[in-house]
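Two complexes are shown next, each including chain A; its partner changes from chain B in the first to chain C in the second.
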Partner chain A sequence: MLRNITLNHITKIEGHAKLDLAIDNGKVTTCHLSATEGARYFEGLVKNRKFYEAHEMTSRICGICSCGHVVAAVQAIEDALGFQPSAQTFRLRELLTLGERIRSHATHLYFLALPDYLGYESALAMAPTYKAELMKALGLMKIGNAIVKLLGARDLHPVSATPGGWLHLPSTGELRAVAKELEKAKKDAIATCSLFASLTHPDFDSPSEWFSLKHESEYAMLRGDFHSPRVVFECHKLHDFVREYHEDYSTANFVVVKGGRQYMLGALPRLNNNASQLSKDAKAMVKKVRLRLPSSNPYHQNLAQAIELIHAIDHAHDICSALEVTDEKPPKLSPKAGHGIAAVEVPRGTLWHEYTLDADGMITYANIITPTAQNLLSMQEDIKRVLPSILGKKKEDIVMDVEKLIRAYDPCFSCSAHFLEVNWDEH
Partner chain B sequence: MIKETTRKKGRADANPSKAKPLIGVFGITGCAGCQLSIIFNEDDILDLIDLVDLRAFPFIKEVNPEEHFDICIIEGLVADKGDLERIKKLRGNSKMVVSLGACACTGCVPAYRQFTLKENYEHLLYQKMEEIQDVKPTPIDAHIKVDYYIPGCPPDKKQILAFIKGAVAGRIPKPYDSPVCIECRQNGNACLLDVGKPCLGPITAGGCDAVCINGGFECWGCRGPTKDMHLDLMIDILRAKGFDDRFIQDRMRTFVGLKLPMLEKVMKKTSEVNVTFKGMPAQRGLP
Partner chain C sequence: MSTESVAGWQGCQAPFRGQGSRRIYVFGNEHLAEDFLARKVAEHLGDVTIVNCRSPDELLDAPDETIIILDVVKGADKVIILDDVTQLRTRSPVSMHDFDLGYFLNLMKGLGMEKKIYIIGIPQAGDPKVIAEEVGRCIKKA
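Our next item is the complex of A and B:
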């Protein structure tokens, strides 16, 4: 018996994607997960633009990761120019990225993932029964947004970060006020962990290798090497270990590491690789909720995000309560020819920006690899792997299980609709 | 104690009432940032669903019937055939269509492709399925009638809310058409043009509280040109600051190029007249 299942518009994810499944006599013969976003060609748009314009344009790739794109672009440009930012600049970039992580995780956990577990069609439909939970979500989103707005001047697509430093600085007093708010938000992050730990996560073992940045002195976010438990890659050698390829059914690329292996990025891989560097309370929470690390179950991404909420709040609090802001003006950077790469841990995993500049500071080449593009193969293969065990179920329950798995990865298909040079074979 | 279940239950409107306007929020090709801006109204979003029947919002809802909407809010630009079909269908199903954000209103950064050399991006092109075949990147009103615009990349989240609340009460907010400079001065910012930055505030419609300039960053024009802008003067000022014509043209076209069809002509005309502003030192505009 042949069954075809097509999910044309997968809901409650960022961007647009579809899934085509064909099952023949209990065997999965087709499983295509594809981005159906229109093409935007950002890497082509920044060509022939000035080095200091890249971040403002590429942040438009994604709303929910716009801070990550700005920081990655700015750091890649600085790398190309051979510039080292000051310690304060770096700390504030961390804070901007943490603000984004807090609001992104809170939005994903409560608005996109939780309704699946509680059997509601949306978070809004949960409102009458679960108002207290939603208020926690909105409170966490609010503190994340407040951090982004304070540093970046806007809620989305922040503008104050620039190659060299910051065009506008928060005052020390403003940071201390945020620290107070973070203290209040902490209990909501802890409650979020308890909530997600109380949910039943389906058992599943993904063969994907988990990758994240890793740095000797911190829970890596803006610097470090690209790690899995088996290998370490130096970020500058990106093209030696990552290969992109294209399938005609999608506007997103698939990405594999050397040897053609699928890999997974995001909160869970970060915990798997770097749990020993979490904040004290986040570490205690891992123990309390009995999350056994490393975990190869992608359904644990949700719980991992909840734990990262605690860590992000603690880390942001450390910065906001200790940093004495000095009035540093960004230096005027002189254009010069160069090539730069930056990798940044954004909510969904490792984001890569790469630029080549000519002697006038014009961008001659740009390449951006987003976390969702890198997770795509892993997601698709995991769906293929989970299907045989759930084929006995009703179609709507199969769809629900598959959607739950996709959402656990927290995909962002707006981001992943990204393009590269492809030699197209007609066949 | 929270109970898990696998059955879908509950709609967004806990107390359905016929009087509530039916609202749909959809995204076509874009970054989802404008839709996020709606739910980032943390203090008000739960009240909003008491006020309207949020019937469809696929970004955060599983069940999204495409019925006859009183107001259909669309984020994103038309970049492929699927987008085009989708907005035509939504237009047919809606009394009022609202363009939400710069992509929907002006085409934003992705539509800048229309002004770049094909060789910049042709190596990125490849064959695609029929439904995701490219179309020229364009704002929504290039294809369907749009009744209201909420500009900005992203729009001010409170303005989105103000529009929905106003529409429900029958009082739709008037578009803001004064230049960004008005709010910028009110906020006490130093003029960025004075320090040699290529700020497009003088020709750009405000209503954004000059957020970018508050953050030390020059205006790139994301909310679109004002009706009575002095494009020629703006070009002359930027030239006097030392910016070359190519830079000026690229910068002005980044967010709103399709709304400045006269740009090339004005640039040509002004270069012939060769007006210079005295007292403004020419500087390279590096940050």
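Our next item is the complex of A and C:
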């Protein structure tokens, strides 16, 4: 018996994706997960623009990850120009990225993932019963937003970061005020972890290799090597170990690591690789919720995000309570020919920006590889793997199970270039 | 009339410098021709404090018991006043890009944040001064 299933709109993820399945006698013969967004052309848009324009333009790739795109672009341009930012500049970039991570994780966990687990269509339907939980979510989103606004001068698409430094600096007093709010938000992050630990996560082992940045002295976010349990790659050698390729059925590229292997990015791989560098309370929470690391179960991504919320709040608090802001003006960077690569850990995984500049500082080449593009093959192969065990279920339940798996990856298809309608033919 | 962007981390709890007796929360994207008329109209309103909102979640912190929102309404050919947020068409968010004003107002209601909310909806195009006169009358009614 041949069954063809086409899932044209997969819900509660970012952007548009489609899944085509063909099943013959209980065997999956076709499984194509594809991003169906129109091509975005951002890499072409920044070509022949000045080096200091890249971050402003690429931040528009996505509102949710706009801070990550800004920081990645700025750091890649600085790499091309051979510029090393000050310690203060670096710490404030970390803080901006942490604000975005708190906001993104809280939103994804409560508004997109939790309704799946509790059997609701949406958070709106949950509101009367889960008021306390949703208020926690809103509080966490608020503090994340507050950090982004303070650093970036607006809540989306920050405008104050620039190659070399910051066009606008927060005052030390403003950082201290945020530190106090972070102290209050901490208990909500802890409660979020307890909540997600109490949920039943399906058992599943993905064969994907997990990758993230890793740095000797910190829970890596803006620097480090690209690391899995088997290999370590220097980020500058990106093209030696990462290969992008196109499939006719998808507008987004697929990405594999050397040897053609699928890999997984995001909060869980970061925990797998860097758990020993989590904050004290985040480490204690890993033990308390009995999350066995390393885990190759993508459904644990949500719990990993909840643990990262605690770490992000602790890390942001450390910065906000200790940094004495000095009035550093960004230096005027002289244009020169060069090539730069930056890798940044954004909520969904490792984001790559790469630029080549000519002697006048014009961008002659740009390459951006988003976490969702890198996770695409892993998601597709995981679906293929999980399907045989759920084929006996009703059509709607299969769709729900597949969506839940994809949502565990927290993908953002709008970055890579809605979610699951089923066309189902049985023969 | 005074204008205050909601800036800084306090959101809508930020101090307002306005002399106006009522706060009007204005939405719209100044970069989109079809979405910025509310901001233009707000410039012509008298005796109110304008709060330019960038994100609907800013309303969660609004201190007012009665919240008056000014925004453009696609398809409207005159100024309308809406006092029941359930009349707003909402959809389940399929992504984090979908948390719009209607969603947040319904979420506030679902969470039991019992505030009276009036939405003054204006057409996407027209003379800001003329529309402001009508909006002024709506504010008095609200």
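Here is the rule we use: the second predicted complex is superposed on the first by the 417 of 427 C-alpha atoms of A that agree within 3 Å, B and C clash if a C-alpha of one lies under 4 Å from a C-alpha of the other, contacts with A are read in each partner's own complex, and residues count from 1 in each chain.
In the analysis below, a residue touches a chain if its C-beta (ideal position, glycine included) is under 8 Å from a C-beta of that chain, and two chains touch if they have at least 3 such contacts.
This structure is a prediction, so every number in the text was calculated from the model and none was measured.
K.L.:
Return fit or clash for chain B versus chain C, each positioned on chain A through the superposition.
P.N.:
clash
K.L.:
Who does A:Glu43 touch here: chain B (first), chain C (second), both, or neither?
P.N.:
first
K.L.:
Quick one: name whichever of chain B and chain C touches more residues of chain A.
P.N.:
B
K.L.:
Could you look at A:Tyr117 and tell me whether it touches chain B, chain C, both or neither (first, second, both, neither)?
P.N.:
first
K.L.:
First (chain B), second (chain C), both or neither: which does A:Ala306 touch?
P.N.:
Neither partner.
K.L.:
Is A:Thr162 contacted by the first partner chain B, the second partner chain C, both or neither?
P.N.:
first
K.L.:
For A:Ala73, select first, second, both or neither according to whether it touches chain B, chain C, the two together, or no partner.
P.N.:
So A:Ala73 meets neither chain B nor chain C here.
K.L.:
Using the superposition on chain A described above, determine whether A:Ser198 touches chain B (first), chain C (second), both, or neither.
P.N.:
first
K.L.:
Would you sort A:Ala316 into first (chain B), second (chain C), both or neither based on which partner it touches?
P.N.:
neither
K.L.:
If we overlay the two complexes on their shared chain A, which of chain B and chain C does A:Pro128 touch? Say first, second, both or neither.
P.N.:
Both partners, chain B and chain C.
K.L.:
Classify the contacts of A:Glu181 with the two partner chains as first (chain B alone), second (chain C alone), both, or neither.
P.N.:
second
K.L.:
Superposing on chain A puts chain B and chain C in one frame; which of 78-86, 132-140 or 168-176 is the clashing stretch?
P.N.:
Once both complexes are placed on chain A, chain B clashes with chain C in 168-176.
K.L.:
Determine where on chain A the residues touched by chain B overlap those touched by chain C, and list them.
P.N.:
Common to the two interfaces on chain A: residues 9, 11-15, 63-64, 107, 111-112, 121-124, 127-128, 131, 134, 138, 141-142, 145, 153-156, 412, 414, 419.
K.L.:
Spell out the part of chain B that touches chain A in their complex, as residue ranges.
P.N.:
Counting only chain B, the residues touching chain A are 1-12, 14, 27-37, 39-40, 42-43, 45-46, 49, 54, 57-64, 77-80, 82-83, 108-110, 112-113, 116-117, 120-129, 131-132, 134-135, 137, 153-154, 157, 211-212, 214-217, 220, 247, 250-251, 254, 286-287.
K.L.:
Give every residue of chain A touching chain C within the complex, in rising order.
P.N.:
Its residues touching chain C are 9, 11-15, 63-64, 104, 107-108, 111-112, 121-124, 127-128, 131, 134-135, 138, 141-143, 145-147, 149-150, 153-156, 174, 177-178, 181, 412, 414, 418-419.
K.L.:
Which residues of chain C touch chain A in their complex?
P.N.:
Touching chain A from chain C are residues 7-11, 54-55, 57, 60-61, 90, 92-97, 99, 103, 106-107, 110-112.
K.L.:
Can you name the residues of chain A that touch chain B in the complex?
P.N.:
My answer: residues 9, 11-16, 36-45, 47-50, 52-53, 56-57, 60-64, 66, 103, 107, 111-112, 115, 117-131, 133-134, 138-139, 141-142, 145, 152-160, 162-164, 166-168, 195, 198-200, 246, 248-249, 251, 330, 332-333, 397, 400, 412, 414, 417, 419-422, 424.
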